[in-house]
Every structure is written in structure tokens, then in C-alpha cells.
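Pasting in a structure now, in C-alpha cells, and then I'll have a few things to ask.
Just so it is clear, A, B, C, D, E and F label the chains in written order, and each chain counts residues from 1 on its own.
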Amino acid sequence: MDAAEAETELKKGFETLEVVQKDRSVPVYHIYLNRPAQRNALTLPFFSELPRALAALDRLPSARALVISGHGPHFCAGIDLSSLASITAAPSSDDPAAVRELLRRRILALQDAISAVERCRKPVVAEIHGACVGGGVDLAAACDIRCCSEDAFFSVKEVDLALAADLGTLQRLPAIVGYGNAADLALTGRRVSASEAKAMGLVSRVFPSRQALEEGVAALAGGLAEKSSLAVMGTKAVLLRSRDLTMDQGLDYVATWNAAMLMSRDLEEAVSARLQKRKPVFSKL
Amino acid sequence: MDAAEAETELKKGFETLEVVQKDRSVPVYHIYLNRPAQRNALTLPFFSELPRALAALDRLPSARALVISGHGPHFCAGIDLSSLASITAAPSSDDPAAVRELLRRRILALQDAISAVERCRKPVVAEIHGACVGGGVDLAAACDIRCCSEDAFFSVKEVDLALAADLGTLQRLPAIVGYGNAADLALTGRRVSASEAKAMGLVSRVFPSRQALEEGVAALAGGLAEKSSLAVMGTKAVLLRSRDLTMDQGLDYVATWNAAMLMSRDLEEAVSARLQKRKPVFSKL
Amino acid sequence: MDAAEAETELKKGFETLEVVQKDRSVPVYHIYLNRPAQRNALTLPFFSELPRALAALDRLPSARALVISGHGPHFCAGIDLSSLASITAAPSSDDPAAVRELLRRRILALQDAISAVERCRKPVVAEIHGACVGGGVDLAAACDIRCCSEDAFFSVKEVDLALAADLGTLQRLPAIVGYGNAADLALTGRRVSASEAKAMGLVSRVFPSRQALEEGVAALAGGLAEKSSLAVMGTKAVLLRSRDLTMDQGLDYVATWNAAMLMSRDLEEAVSARLQKRKPVFSKL
Amino acid sequence: MDAAEAETELKKGFETLEVVQKDRSVPVYHIYLNRPAQRNALTLPFFSELPRALAALDRLPSARALVISGHGPHFCAGIDLSSLASITAAPSSDDPAAVRELLRRRILALQDAISAVERCRKPVVAEIHGACVGGGVDLAAACDIRCCSEDAFFSVKEVDLALAADLGTLQRLPAIVGYGNAADLALTGRRVSASEAKAMGLVSRVFPSRQALEEGVAALAGGLAEKSSLAVMGTKAVLLRSRDLTMDQGLDYVATWNAAMLMSRDLEEAVSARLQKRKPVFSKL
Amino acid sequence: MDAAEAETELKKGFETLEVVQKDRSVPVYHIYLNRPAQRNALTLPFFSELPRALAALDRLPSARALVISGHGPHFCAGIDLSSLASITAAPSSDDPAAVRELLRRRILALQDAISAVERCRKPVVAEIHGACVGGGVDLAAACDIRCCSEDAFFSVKEVDLALAADLGTLQRLPAIVGYGNAADLALTGRRVSASEAKAMGLVSRVFPSRQALEEGVAALAGGLAEKSSLAVMGTKAVLLRSRDLTMDQGLDYVATWNAAMLMSRDLEEAVSARLQKRKPVFSKL
Amino acid sequence: MDAAEAETELKKGFETLEVVQKDRSVPVYHIYLNRPAQRNALTLPFFSELPRALAALDRLPSARALVISGHGPHFCAGIDLSSLASITAAPSSDDPAAVRELLRRRILALQDAISAVERCRKPVVAEIHGACVGGGVDLAAACDIRCCSEDAFFSVKEVDLALAADLGTLQRLPAIVGYGNAADLALTGRRVSASEAKAMGLVSRVFPSRQALEEGVAALAGGLAEKSSLAVMGTKAVLLRSRDLTMDQGLDYVATWNAAMLMSRDLEEAVSARLQKRKPVFSKL
């Protein structure tokens, strides 16, 4: 996909999302969960639209930082119950084992939609207000940076639906909040306030109001967008890969990465800007 | 072992533990360290009794959540010095290498007793008051959720016995409190207060008094016991397995797990209870 | 290298470091970054001197705990810009791929200098005041325990030099402060105060002033130096190794370690001192 | 994609492949590399067509086993040189680091096309005659079973193009032929005959002529197609996953897999057929 | 368990096994699968008796090497069909997900019985004649050394029972015969002769007749029993552990192991015997 | 170390090795084990000289392929018994645990000398005749390619010295000859002939006489030396790293490696030479 195809893809629009660049002079795009009347509960179309939107934004030069947030009073109420029903509905095959084999593939497909946030090379900020529950936590946990307003609350609610959370929370949360906090949240499904979320590292910043949140995230994303895209993408990629490598393997990986990516125009620009005590201007990618 | 055998096993009783269901209508069992005069210091019988108790409770339908706590003024003062002496005592063999081979197996056996907390499919809450020191930290770190009263204090005391902690603390603590805090605690053996323990994630909840702790943990465990056992067990199992898997492997694992376990009566009950806005009633396992 | 060779090595002195035992009766050595006029920016000589100093101290019986700190108003301002230029300078070879192969090896060599802190068997405390930026964070993250004064601040600044941090921060930070905080710091390069650093686990202790920091770290390092060296070294080694092992492998590793190292004079001394309620005196290693 | 969509997809046809079911009564599909005049050298269209073909066949009930082979006198002569040139051609961006970032993604995309053979749930047999060189070895190594005729020869030729093989051979070959043989082949690029390939495990069967090869593979694939699809797919999936897991993790994985997939109609049919000493008839998936 | 308890345990006898020391002067024990009329098909009692036998032999000083073989014309015909039926039989619980959770635990228990061969510290030789099919391959693959007579044949037969082999073959075979051969055998279930088994490394020695096999294995096991038990056990343990470790981790592990186990009387005896050109006599363990 | 320093280093000469370039026009160096009267038994000086020689050759442009072989009638008889004695000799410290801690470090240092063969970026061929026993197998297993003459024989002899092999054989052999063969060899210490070694992949080529071996290896090494050094080094590096990575990680690693190293003059030369049907001439590194 090239830039023009990416623009075309985005212009098609989405049923469950709104994708918008608020200010043409700022290379930041917002992805809004856009089913406010249903508290942005996640439906099957969402799981095909999110990776489609992210793949297009990944290829769009005017998008250098992304924000995911929700329209209406809540970030996300988790998976939509009727979608859950259709996921677990038996298909035509009448071998029960075949039904379960299909269920496994359906879950893998849903996971893949959430992991698209990590596959996207560009930094993704979760901007959270109101409820962030169930699948909403899965989505937020896959983002690179999480911010919230003081009214936000979090709940790994899947256990109360009588299931083990299977969209990534059980894999990503322990590294974010520590294993003990993750087990507490996932086993009890209890509600966590914004300030407790901050204390345990679930969000890295709390803002006093929704407006302050929007302004704060806009500033944060705008700042990311001004940095060298190569450096930001490299940092994201190396952090994600190192998560699964031993210390030695991670060090070797970043050395090999930088063998390819370090000697860039951006580096020259950064160094000369620093020596000239001016702001650097980095190339678009 | 079936349910009847489990009951029989528990009725035999224990030398170092008391296992009790406080309220026949609430499917929660308490395991008390029961050597209060010795501040519940861990002796060799403890290391064979704990896995025996947990194996029985794992098979008992009336046990859907477990609590480990200590009788007397302290949770646990760590390993008993005379037990330590007998562990390191040379056996009859007079080849010094054979002595060390035996020592290695003895340590593996002690570790295995602590890991029985993780092998138990049911959620285990550590209820901590007073001293939680040395082997007490190893035990607490293997529990799923840790709560304490304000008088509790923690110390990875092994370094002051001139040994490297070998019952799991050095493996489990870094994921719970972060690598930096874990190294600080393990190298210095310093005493950590309840509030610092909360701040670093060593406990997830602090209660103002021992009575409040008991009530709070009873409520917490009671809540766990009301949830779908399949969902709680699945969450525990997936969290533990994912700890050692890459992100991709962890996601695949939970998808495969849920291919088997998701389509349950409990899920149907949870969904229909939610639609009917009533409290679900889950099946016993 | 034996003790005498280690002494000789240290007596040669260093261009970028000062290595000093402040009190002959206390087996603690301080390694000072010693380019205060340049805010201790890291130059190429530093990367060969630090492993040399640590290798010597590792073999010196009078060094049982180490402290790394900085002369002048700052801990470390990160990599020196002209050193960075010489690292990325093309060598004589005119095949551009050969240039990049060489760059990869240069980065591996710099990483190796930082990892020397972990290779050193003895505990290393980072004593941080003022700026701890870029390469300074890489260095601090490799230390076992991090303390700072209230004036300290931290910044993973590499992203603003248009590069992905490649000296270990992206590998070590997530385990120390959680993945979410690490991603926030590394992607934004934002400045973190001492108190925020404490809250996220980046330092384990904050002192109100630089003098209090020096006294506090002296007490901390002195305490480490009084413990059994075998136990302290074993704890450090097992923690570091377990970081990359599964739970089962880590437990097996420490059991095997203690099969070799547990039955020591230090253990006998610790137990008998405890029974006699006196302070133990451990052997030098 | 459902079965009808898969049929449609296959009917569109391919530029570099021919996909054909030779006998409507036998649920086996053949994928032919179809550029015989160029010895089936791999071009860019191939790398998008192969995963497209495999995705469709994965969803087609009438395809229960797949065969990959080549039209003309050779299996595959490796990557097409002009395609290689276009992969390494600099794009419009003029930052050399951005060029390398793009090159990395292009390589990942090519790898992904080869890995599509593993992602396909159905068994894939490589039927090899004549040259199997460079990219041809990458492709063959990703297949589940490799057979060849006596005229076949193999060469990990990339080293003679002055590059490290990057489409999977260096990752897959060591597990197939042993690390020592893999290093020999990959470092020297030497030609391996059919009989040496058999001796080192690179192929599991050698046939005396091309016709015997075709008949032998047809019988082999036909046999696979008669087995329980659930069992064959499960075996392939578990083998692939276990490759990257520890022994304990692999055992747990297959237990969890079979918790979902074992209790099937196919199992009932297999058992009752065995008791009745008749041939089982398995359900289509 | 001590030596006396081990003797008592063995004296109780077994329903599916015969355990016998053929010659009181040779510290070798034979474990015979002992249901010759059923071609030693594996029943549920076998899966509890095998680990019981191995645990006892592990603790018996007079057992320094073990041999597993089968009475009657075959080594083992795989799992018994009626046992398979009882494993998959639904228990009383009527939640289908609970049934599958129980099935998963049953499979884990069966696996654990096979893995007991690896848990046993002493070397175990598989002596194979006639059929080695299905579960027989799982059992053989867990042994340390595999020998067979020329009439032996092997088949990973599970796929023809419509299931993915779940007792370890899919995890252990690839490391033994290479990934390609393992996939071929597991997907096709085809019969492998003794000589092909030797060529692919499935057995390390083939004997021309059953009598030659018995004599050859007796000599082999007798030879193992004469070696230093510490060295043989250490070699087995380190090989098994290293299987799941990176190269660096494996090297560190064996160094730590030998830190504990190398300086033994056996080493002194081996060295002095060599210098004196006599046969060493090693201590019993 | 630059080229001039490498030359100087090599000119100093060695006590246990001879390092020689046989033909100034051929960039191949031979490292001879040079204690023929003692069948090249490995002494302590060897373990410091081998890494010194390899580090120098790694930096020498005139060395593009290396051969390790032995002077006299044997390749290597394993570790020298008096060196083994001095390794296990107790140092001055009288704490037995400290003695074992030192022993562990000594073993790690010996391992590190063998691993220097892998650390060397250039391909290393083992040319084996006569005995290749004990430590000789450790050394050979670390080489990239192993060739032998028909008189060669192999024995993992450590078990007969009453110790578990700790210089890498237990880690490297299973990947080379399969786990089953490796366990057989390591547990029994039995002698393996050249032809059996070839059949199990321990060597990749057998030559009928010592002279044929020397000529064959000279041709092989000469061929390696004519190839693109970047490509050969990259292949070696990627093979070694991939050994410890999952499939996905290995593919990502080689893609990142080639992002840096693929676009080289050597590639241009290789492609244009192929189009012009002439022999390429690659740049020196």
C-alpha cells in the first residue's frame, strides 16, 4: 500500500470508527471508537475495521502519531454481547471438535485485530475517559502510551462473563502493572480508579478533566509527531521485540537495528541542530 | 483423587497447618500456618503438608477460593533454623559431591512445596499480618493475590543467613515489584512496611487493622468463590503459563484454551443473567 | 587477574573515572565519573575504562560493594556528541555495508562496557544527583540498586538525538519501571523527577539532599559490604540469570547454584551468630 | 473467507502459479510453479500469489492435502535476479536509513509469503525434481514433507549472490538436517544430490524417476487426504508450535489442544472402524 | 523415599509391568511391559505403575542403569482402545467445558507418566523388538538410548486414530530424527523399519536378532552401570536441561552444576585409575 | 585491534598452537594444535592462546577462512590430566563454598575459550584425523564445518573421567547429531568411526586419507575465502543467533541484519558477474 492507496482506504470511511486529522498542519490522526450510544462496545465490524485503519495510517506520511479514544461518555464498554454470541455460535459443521477448531481461529482473528496496534510502526496513544472495561482494557494495553482523565475507571471484566480474557490483557497487563496487580485485576474484575491506575503504571498520566485530557494528549502526540520518525519507530519496534528476547538477544537486536538505521539524515540534523542550539526539522517517512 | 478422598485427606489433619471452612455456606477454605509460638517458622513437615492440603482442596467442590494466613501475631518468620540445619546435614554417603547432589534434590523438593500454590487450580489469597520474612515471602509471592494489614512488614531475609534465597523469591519477586525493587530487597534484606509494599505492588491491598484485613479478605475470597470456577481457573492458568511465553505464544495459548473452555454453561448463564439484569449462578466444578 | 594485579591495575588510574576507597576500614569502593566540566558526558575512553575498573574491583578482596556516582553538579549528561560522531564516522573501507558491519560491532562494544556492571560479581549502587540523561540512564539501569537526591532528574533522551537507545535502556527499563512507563519515557524522552522515579521503581530510595544521598548510600553500601560476600554475589547472579529463564528453569538454576554454594563457613557463622544473638563476621572472598 | 469465496479466488488464476485438482474424486490440490522457461525463478508476483493461493486452499473443503511442485525441468532456480534488483532498488525517499527501513519491510513481506506454507492448516508436500536452489530451498524447507526424484539437487546458493539467505533457510534447515550439515550447506553453497539429501533428512523419500516421484507423491498426498482432517491439522499445528516451546510448554500445549479437539466424531469413527476392522470415513472440515 | 522403602515399593509388584534385576552382581534393572497377549497395549494402570516403578528404582542403590522392554512378540502396540475410551468418557459433571477441563488434566497425567523416564536420574535404555507403535513411540522417545532388533518397526500411529499424538512424540521426535522426518512420520503414520530408524537417528543401534538385542543391551546397560553414577546422572540431567536453554544459558548451567558435582571421589578415582592404568571403581550413590 | 596489531599479536607466537598461512596468495590460515607428543592434549595455556589467536585472525584482512587441525598422529586427546588437576585444585581460600565459586568461574573461562571459535566472525573448519576425544569434541563441535579422514574416531570421553562434559559438547552435540545420538555418545563415551560420524552428521565430509583430507579442506577453505566475506560472516552470524531464537524472531533478525548488510558492493559485483557470466571478485573486509 502506498500513500495514495492509504488515503483512498481512509476515505472509504468506517462503520464503528471515525478517523480524523484535526489540524492539517499537525501530523497526528485520531481514531475514535464511534458507537457512543452503546458505550463503544466492540462489535465484529470493529475487529476488521481497526486493523484496516491502522494499516492505512501506517502508510500515510501525514500521520506521525496516532491517538485512540472514544466518542460519547465512555472509552469502551468491552465486547458487545451479541457479537460474543455470534462468535461462539456453532457453524454449519456438526462435528463439535470442528466447531471448537473454528472458535479457536475466530479468537485468533480478534486478537490479531488488537495486535494491529503493535504492528503499526507509529506510536499510538490511548486517550481514556469514563469506562475502560473488558475488551477496552485489551485495546488500551496494546497501545504504546496510556493517558486518562480523572473520571476514568478500569475493569478486567471478562471473568464476570465467565471466561478467561483472550484478547491480550492476560499477556500484556503483567508487564505493565506487575504480575501481582495483574492477577488481582484479572481474577476479581474489580474497578480501578484513575489514580490507582497511575500508581500501578496502567496509565502514565492522569488529567483532571476530559478537556485537559484532550489537550494533554494533543500536546503529547504533537510532540511525538515532531520527533524523528525513524527514531520513534525504531524505539517502538525495539521495545516490542526485546519484550520476548533474553538480555543478550535484545542488545544484539538493537545493535543490528542501529547498524541499519542509525546513520540517517535525521541523526545529522539532530546533532547539527543541537550544536547550533536550534530546533531540528526531521524528514518525513 | 476424587472429592470423597479429598475430604478424607483433609480430615486426617496436619501438624503445622489448620485447614478450615469457616462458613459452610461459603465455599472458601482457610489454610492457617499453625505454629504461632514459633512465629510460624517453616519446618520440614510444613513442606510436605502444604502440597498435601492444596492437592486435596484442589479436588474439593466446596472449595472455590483459598486463603493462606498465620495464627498468632505473625504471618511467617521464615524457615526454621533447625530445619535448615537438617536440610544441609550430610547424609551417610561420604562422597562430598553426592552430598551436594542430595542437597540439590532437597532444595528442589522444598521449592516444589511452595509451587504447589501455583499448581492448585483455585485462586489463593495471602492474608498477611505481622512479620512476613524469608520463606514467608517465598510463600506469599507464589499466591495469586496478596493483602496485608498495616502492621505487616516484609523482608527477604535470606541474604542475612548467608545464602541466596532459593524457594522462589528471586524468580517471582521481579515480576511483582519490578526488577529494581526486587534487587534492592533481596540484596539488602531491608524491612518494607505495608504502605511501601503497596506502592511497589508487593501487596495489592492494605487494611488498617488485622480485623479489617480478615473481613476484607473474607469478602474478597467470597467474591472469587461466587464467580464462574471455570473462568477463575482459566484466568489463573493462562496468567501463569503466559509468564514464560512470548507474546505470540501467549495469545495462541489462550485462544487454544478458550477453544476448549469458553463454550460453557457458565458463559450462557453469565450472558443471560446480564441480559436479565440478575446475578448469575455458576455451576460447581 | 589476582588481587595484586587488580591493585596494580587500579593504581594506573583513569582518564574519565576516579576510583577511590574512602575509608580503608570499610570495604566499599566509589567509581566517580570524572569529567564534571562536561557534565560527565560519556566519551570513548570511558567505555574502555569502566569495564577495566570493574574487572579489577571484582578481583579485589577489599572491595565488597561498589558505588557509581558523578563528580560535579550532575550524574551524567549522556553520550558525548563528538564521541557519537566518531562512532558513526565511516572507516577506510569503502563498501557501505562493511561500514555498517563495523558500526554494529562498535555498538556491541559500547553495550559490553555497560554490561560490565552486571558481569561484576559484586553489588553496584548508582548514586544519582542532577541530570541522569541518555547514556546515563543506560548506565544506571545496569546497576543493582539506584538511589538519588531530590534534585535528580531522568530522561531517556536518545529519541531526541534521532536514534533508538542502544546501550541497554530499551532492554532493562521495562523490567524496572513496567512496560508502559518504559515506553512513555523512551518514546517521549520526557523529564522524570526524583519522586516520580521513586513511584515507578526507577530508583528505590530518594534522599532530600546531595549530602543525605552520599550518607545514605555510604550506609547502604557499607551494609552490603558487611554481609556474606558469597550470599550477596549469589543473590545478584541468580537474579540476573533468572531474568531470562522460565520459572521452572530459574528454580532449578538456584537449586543447582545452592548445591554448590550453600554449605559454606558463612552459613555456619550466620546460624551460630543468630543462635548466640551476636553479629556475624563473614569471610573475605 | 468461506468455501465459495475460496473457489472464486482460485478461479481468478495466477501469473506465476497453476493450481489444479487433478482428480475430482481425490481431495488433493497441486500448486505448480509455472515459469518453466525461467526454471521457475521466483519473481515478486509469486510472493503475493503463493499466500493468496494457500489462503484459498486452506478454506476449501475439497482440498485436504496440497502438493507444491514445478513445471518444466526444474523445481525452482531461486530468486529472479531482476526481482532481487527491484527489491534492493532505492525508493523515492532520499534518507538512506529510510531506504534500509523499507528494505527490511520488503524482506519481511517475502518471508511472510514463504511462511504462508506453515500458516496453511493443511499438509503441504514438496515434490522436487531438477534444481532446488536458493529461494527454492527456502520454499521447500517450509513444507511439511519433502520428496524428490533422483535427478534432484539442492544448493543454498544465496552465499554466492553475496548475501545471507533471508527467506527462512537459515532458520529452518538446522532443525531438518542438523546444525552441522546446515552450516556446511549454507556457508559453501555446495550442491547436494538426492541421495545425500535423503541421508541428512532434507528429503524423507527419493524416487527413481520423475514419474515415480509424481506417482509416489500422489499416493502420499492421497493418503493424507483420507485421514481425519482434524487430526492431520492438529498434528501439523502442534509440531510447528512445539518447535519454539520448552518441553513442558509443548506438552501443556498439546494437552490443551486436545482438550478442545480430541473428542470428535472422527475419533468415534476411527475407534469404531478399528473395532469393526473396516476403513474409517472421516468428516470434511 | 529411601532405599528400604524403594525395595518395599518394588516388592509390591505391578499389574502391567515386571521389574527384575537379572543378575544380583550387575546393578541393572529391567522394566518389562507385561501384557504380552495384548501386545503390551498401554492401559490406565500402566500410567500409574510406570512412574511408581521409576521413582523406586531412582532411589535404589543397586539400580545404576535401567532397561525398558516388552514381554512377548512386540515392544508395545500403543494405547489400549478401551483405556482411550475411558479417558475420553464424560464424568458426572454436565457442563461440557468442565468435561474438557478434566480431559486436559487426564492428558497431563498420562504425559507425566511418560516424562517419569526423564525425571528418573538414572540412564534408561529402550530395548525394542517387534511393534513400537503409537504410545510405544512416546515411551521410547523419552528414553535416553534406543536400541532395536532388525524385526522392529515403528509407527506414529495416533493420526490414524484421528488424534494428534499427545504423550510427547510431537515434542521429542523432532530433536531425535530431525524436524522433516518427524513431520513425515507423524503426519503419515507410516511404518519405519529398523534400518531406516537407525539412519534417521530414531535408534542408535540395531541388532540382527532379538537374542543379539538382549545381549547387546545387557552389555550396554552393564557398561553404564560401571561408570561413575554421579557422572552419568549429571550428563543426563545437563543434556535434558540444555534442550530448553539458549547456548549461553546451557553453558552457565553445566558450569554451575559442575561447581557442585565435579570435585568428587569418583573424579579422584578416575584420574588415579587412569594414571595407574587400571579400571576405576566408583562409589555407589 | 586493527590489522597491524593483529599481525603483531600473531608474530608473538604461541606455546600450544602454530598459526600459519600456507600460501600468501590464499587468504586461509591454519591453527595447529601443536603438542604432538602429548596427542595435543589441552593444557591451560591452550585455553588462553586459542581465543588470542582467533581474535587476531578475526581482525586480519588476509584471513578469510580458518582451519583448526592437529600436528602429529591425532587431532586432540582431550583435556590434559595435570591441567584438570590444577583446575580442580583448591586455592588459598579455605571456605569450601568459595572454592566451588572459583571452580565455576574457571569452567566458565574454559568454555569461553572454546566459544571463541563461534565469536570469530570468519568460518572455521575443523580438519580431524586420528583421535578426537573429550575436549577435542568440544572444540570440533564449536567449529562451523567438520571434516575428517577415515582413520579418525570420536569419543565423548568425559563420562569416563567421572564428570559431565562441561566445555560445550552437551549443548552443541544434540543440534548436530540429533538428541538420541548425542545422549548415546555422551552417556556411553563409546568410540565412533568416521563413517558413523558422517552418517549422524557429526562430520559433513570424510576423506580416504590424511593427505586427501588436507587437500580437501584446503580446497574447501579456499572456496570459502573466495566468497564475499560479508555474506559468509552474515551467514555464520545469523545461523548462530537463530539457534536460540523462535522462528519468528529468527526471521525478523535476518531481515534486520540484511537491512543493514544486503545492499553492498559485493552484491552488485555478484549480480553483474552472474549476468556477465564471469567469476566475481569480492572486496576484502
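The rule is short, and it goes like this: a residue touches a chain if its C-beta (ideal position, glycine included) is under 8 Å from a C-beta of that chain, and two chains touch if they have at least 3 such contacts.
Because the structure is predicted, anything quoted here is derived from the model rather than measured.
Considering the contact criterion stated above, the chains in touch with chain A and with chain E alike are B, C, D, F.
Taking only C-alpha atoms, you rotate chain C by 180 degrees to land it on chain E; that is to the nearest 5.
At the interface between chain B and chain C, under half of the residue numbers appear on both sides, which makes the contact a different-residue one.
Centre-to-centre separation between chain A and chain B, using Cα means, comes to 33 Å. Among the residues of chain D, those touching two or more other chains are numbered 100-101, 104, 172, 177-178, 199, 230, 243-246, 248-249, 252, 256-257, 259-264, 266-267. Interface of chain B with chain A (complex): residues 123, 144-146, 172, 175-178, 199, 201-205, 220, 223-224, 227-228, 230-232, 234-239, 242-243, 245-248, 250-252, 254-264, 266-267, 269-271, 274-275, 280, 282. Within the complex formed with chain C, the residues of chain B that make contact are 81, 84-85, 88, 99-101, 103-104, 107-108, 111, 115, 158-166, 168, 170-172, 174, 177-184, 186-189, 199-200, 243-244.
Taken in their complex, chain F has these residues touching chain A: 241, 244-246, 249, 252-253, 256-257, 259-261.
Residue ranges of chain C in contact with chain F, taken from their complex: 93-98, 100-101, 104, 230, 233, 260-267, 283, 285.
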